[in-house]
Amino acid sequence: MSLVTRQSTLDALGLRTPTLEQPWTKDEFMDALAKAKASGKYEFAFDPGTAWTGEWYPYAFSPFLQSFGGDIIDRTTYKSAEGKLNGDAGVAFGEWWQGLFKDGYAQATQDPADRDAGFNSGKYAFSWNGNWAAIGTLAAYDDVLFLPAPDFGAGPKIGAASWQFGVSAKSAHPDGAAKFIEFALQDKYLAAFSDGIGLIPATASAAALTENYKPGGKLAVFFDLSAKQALVRPVTPGYVVEAKVFEKALADIANGASVADTLDAAVDEIDADIEKNGNYGF
Amino acid sequence: MATIASDNRGLRLAVRYAVLILIAVIFIFPLVFMLMSSLKPDQQLLNDTGSLAAFLPVGDISLDNYSDAFKRAPVGLFIFNSVLVTGVTVLLSLLICSAAAFAFVFVDWRGRELVLTAILATLIVPFETIAIPLLLIASKLPWLGLDGLTFGWLNSYQVQIVPFIADGLTIFLFVQYFKDLPGELIEAARVEGASWGQVYRRIVMPLAGPVLATAAILKFLVMYNQYLWPLMVVQEEGYRPVMVGLQYFFQLNRAWGEIMAYLSMITLPVLAFYLFLQRAFIASIASTGVKG
Amino acid sequence: MASKFTRSNRVGWLMAGPAAFLIAAFVVLPFIFAIILSFTNQRLISPNPTEFIGLSNYEQLLGVGVLSLEPERDAAGAVLRDAEGVPSYKALRSYTRNNPEYPQFDGMREWFSFQQGDNRTYVLARDVVFMKAIVNTFIFVIVVAPVQAGLALVLALLINQRLKGINLFRAIYFMPVVVSIVVVSLLWRFIYDGSSGLLNNLLGALSFGAIPKVDWLGNPSTALGAIIAMSIWQAVGFHMVIWLSGLQTISPSLYEAAAIEGSSKWQVFRYVTWPGLRNTAVLILIVITMQAFSLFSQIDVMTGGGPLDSTQTIVFQAVERGYGKQDISGGSTISVILFVIVLSISLLQRWLTREKN
C-alpha cells in the first residue's frame, strides 16, 4: 500500500517529496492535507477509502494505529487489547482519525464509485490505496507517485497480506499435491501470476521476471515498501472478531462518536470474545 | 352548459392522468436508470448521475458492458442455476403443499388439527431466525446421489431447494382456497366410490387454477430473489445463483457499467415474465389474498 | 363433515406427511436448535467443546442497569457547574470499569440519560448496539406499517377507477415488487449518494439550489428514514393489489344505494368502503408488521448498520454475530429474542383486531 499522488500536486502545493528513508512526519502529512484543502482544487484532500467497508478497514487503517504506537491487540500475549487499542497511543490515533473527517479532509461516508474513480478523475489530492489499483492510476496520469506511509511516531507501517497454498491433512494424495505446489511456485509462474493481476510476486527472483516489479519497473517501489514497512495483521483465530470490532470502532469515530468511549467498548468486546473462547489456545 | 361541463371533465381527466403518470414515474425511474446505465461506459455513467442524462440513452451507447460482464463472471451459469433451483422448488412446492392442504381440508384424520396448527404457527418464525442453525444442520445431512452416500449438503442444488419446498404460507393459501370450494362435490364423489387420489386429481386440482398461480408466483419471487441463504451455503461457483454471483462484480476493480449490465440481466427475465403474465399475476394474488 | 367417506388416517398422513416432515426438519428443528444453542457458547468452527452457559448470552445482550448520580460539589457544598450552567458529574467510566463497589455495572455503557433536577440518571446497557437495534427495528415497524398500508390503500383507490389504460399503471406500480431487494438497494445507493446522487440533484433543481445536498445514508438522522422510504417504495405495490381485491369484493349495490342517498365521497368511503375492507386491513397490517421485523438485506447492502448504529436492526445483529463474528450462540440468542417479540406483537394484533361480537 502507499500514499498515491502526483508529482504535479506536490509541486503545486510546495511539498517535499518523501522517500523511503525519510517519510513524512505526522505534521508534514497534515500540513500537506491542509495545503491541498486550501488550494480549493480538490473536492477532498484525502481519500482513505471509507467506501470499502469490510476487511479494508483493519488492513489499511490499523497500520496508522500501529504507527502511532498502538495496536489492535497486545501481540505479546494475544489475550487482551487493553492498553493497546485504548491506551494513550490508541486514543491519539483515534483523535487524529476523527480529525480527518471533522476538519473536512476526508469523507466519512463515501460512494463506492468515488473510491474507484475519484482519484483518477482529480477529486482527491492524495489517495491511500494498494498496488492492485496502481495500474488504473498509472493509466490515468503520467506523473503518479507512490509515496511511503507517513511516520506517526513509531515508524511508518503498511498492511501486509499474502495468498498461501495448503494441503489438507485429510488429503488422499498429499505427495502429489505437494509436487503440484512445488511446480506452481516456480518463478516463471509466479511472474505470470503477477503480470496477470498486478500483485507483488512472492520472491525477488520472480520479481525480476515480471513487467512491473523488476528493478526499475513501474511498481517496483511497492516491493521495497512491502519489505520495509509491512506489518502483518494479528496472527490469532480471534482476529475474525477483532477485525469486525475495529472496523466498527473506526466507522463510529469517523462519524463523530466519542473516541475514548468507542475504543473502550471495542476493547471490552474483543476481550470478552477472547475470554469466551478460552483465549483461543494462547 | 354542455360544453363547460365537458371542458371540466376533460380537465379533470387530464389531472387524473397527470397524477397517475407522476406516480408511475416514481415507481419506474430507478429501473430506467439501471437499464440506461448498463449501456454507458463507466466514466460517463458516473458523470451522468448528476443530471437527467442518467435516464436517457445518450453518449457512448453500446452493449460492451454486457459482453464484459460475461467475461468477468459466468453469467449464463448463474442464471441457469437460479432458474433450475427456482423451477424445481416451485413445482415440488405446488405438489406437496396442495396435497397437504387437501388432506387438512377434506380428509378427516387423527392429528389433523394439531399438525395444521403447528404448521401455521411456523408462519411467525422469520427465516432469518433459523438460518444459522439450519446452516449447521445442512452441513451434516446425508444425501444419496450419483456418488453414493455423502454427508453435507453445502455447495449443492438440494441445499437450495429442499428446505423451501414446504412452507407455512403456501399451505395456508391452499387451505384458505380449498375451504371455499363446495364440500358437497367431494362428498358426492366419495360416496360414488372415487378414491382420494381421484378426488384430488380430477375434482380439486382442476378448480385450483387461481391459487396455483398465486402460490407459484409468490414462491418464484422468493426463490429467485433469495440472497442470505445462498450466500451462506453456496460458495462453489458451479452452484451459485444470480444474487450471489453479484459478489463477483464487487471485488477489486469494480466496473459500475458491468454491474448495471449484470443487474439488468438478472432482473429482466423476472420483469419480462411478470409483464407478460401480469394480468393473471395480479389477479391471482388479489383473489386469494383476502378471505381473512 | 366427518363420515365414513371422509375419514382416513392413512390417506391423511400420506398426503400431509411430506409437507409436515419437511417443515419439521427444516423449520421446527432449526428453531429448537436455536433455543438450545442460545444457552451454550457454540461457535461456527471451534476445536473447543460446546458448553452450557445458561442465561449468560441473554444477560450479555439484554442486561441493563440504572444509575443515578449526584452532581459534583466543591468544598463548600455548592454544585459545580460548567460554562453553560450544566452540573458536572463524575465520569461514568469510573463506575463501569473495574469498580469493586458496582460489580453489576462492570462493562456496561451509557445507553441514554436524562436530568432530574440536579441529579442525572443514566440508563446503562451491556450491549448498547443491540439496544439500538431493537429501538430502530421498532421505529421501522411503527412507521412502515401504517404508512405503507395507508399509501397502498391510496394507490388502490386511485387504480380502482375505470380509466383507459389503468391496467398499465397497475402493472407499473407493482413492478418494484418483483425486483430483488438487493438490486433495489444497490440502485437506491446511487439515488441517495451525498454528493452526486439523483435525489440531491432533483431537490436542488426543484428548489433552484435552495435545498442543500444531504448525505442521506451517511447522516445518522436521515439514514433510517432513507431506508424506510426505499423499503416502502419496493413493497407498496404488493399491498396495493391486496387492497384492490378487497375493494372489488364490496358489493356495487352498496355504492348504488349510497349514490341514491346523495352521500359525499368521504361518506361513501367511511360507511361503505372502509367497513368492507376490515378483513383486508387486518391481514395487510399483520403481514407488513411481520415482514418489517425481518429488516436485513437493505441494511447489509446499503449501510452496514451505520452510521453510528442508526440503522442497526435485530436481524442484522443476528447475522453479524452468528455469521460474521462466528458466534453461533449469540446469533441464536438474538433469533430467539426476535421470535418472542414477533410472537407477542402478533398475539397483540390478533387480540386488538378480534371480532367484537
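Chains: A, B and C, in written order; residue numbering restarts at 1 for each.
In this text, a residue touches a chain if its C-beta (ideal position, glycine included) is under 8 Å from a C-beta of that chain, and two chains touch if they have at least 3 such contacts.
Owing to the predicted nature of the structure, the values given are computational and were not obtained by experimental measurement.
Participant: Looking at CA centres, what chain is most distant from subunit C?
Facilitator: So the farthest one, by centre of C-alpha atoms, is A.
Participant: Which chains share more C-beta contacts than any other pair?
Facilitator: B-C
Participant: Relative to the centroid of every protein C-alpha atom displayed, which chain's own C-alpha centroid is closest?
Facilitator: The most central chain, going by mean C-alpha position, is C.
Participant: Mind checking the centre-to-centre distance between subunit A and subunit C? Centres are C-alpha means, answer in whole Å.
Facilitator: From the centre of subunit A to the centre of subunit C is 36 Å.
Participant: Using mean CA coordinates as chain centres, what's the subunit A-subunit B distance in Å?
Facilitator: Here subunit A and subunit B have centroids separated by 41 Å.
Participant: What's the distance between the Cα centroids of subunit B and subunit C, rounded to whole Å?
Facilitator: Taking the average C-alpha coordinate of subunit B and of subunit C, the gap between them is 22 Å.
Participant: Residue numbers in subunit C touching 2 or more other chains?
Facilitator: Touching at least two other chains: 190, 193, 196-197.
Participant: Where in subunit A do residues touch at least two different other chains?
Facilitator: 112-113
Participant: Which residues belonging to subunit B are in contact with no fewer than two other chains?
Facilitator: Within subunit B, residues 46 contact more than one other chain.
Participant: In the complex formed with subunit A, which residues of subunit B make contact?
Facilitator: Interface residues on the subunit B side: 42-43, 46, 252-254, 256.
Participant: Contact residues on subunit A for subunit C in the complex?
Facilitator: Those residues of subunit A that touch subunit C are 43, 53, 107-109, 111-114, 240-241, 244, 248, 251-252, 255-257, 260-261, 264-265, 268, 272-273, 276-278, 281.
Participant: Can you name the residues of subunit C that touch subunit A in the complex?
Facilitator: 41, 43, 46-48, 60, 93, 97, 107, 109-110, 128, 189-190, 193-197, 215, 217-218, 220, 304-309, 320, 324-327
Participant: Considering only the defined contacts, which subunit A positions touch subunit B in the complex?
Facilitator: For subunit A paired with subunit B, touching residues are 112-113, 116-117, 121, 132-133, 136.
Participant: In the complex formed with subunit C, which residues of subunit B make contact?
Facilitator: It is residues 13, 16-17, 19-20, 23-24, 26-31, 33-34, 46, 49-51, 54, 96-97, 99-100, 102-104, 106-112, 115, 118-119, 122-137, 162-168, 171, 183, 186-187, 190-191, 196, 200, 221, 224-225, 227-228, 232, 243, 246, 259, 263, 266-267, 270-271, 274-275, 278-279, 281-282, 285-287, 289-292 of subunit B that touch subunit C.
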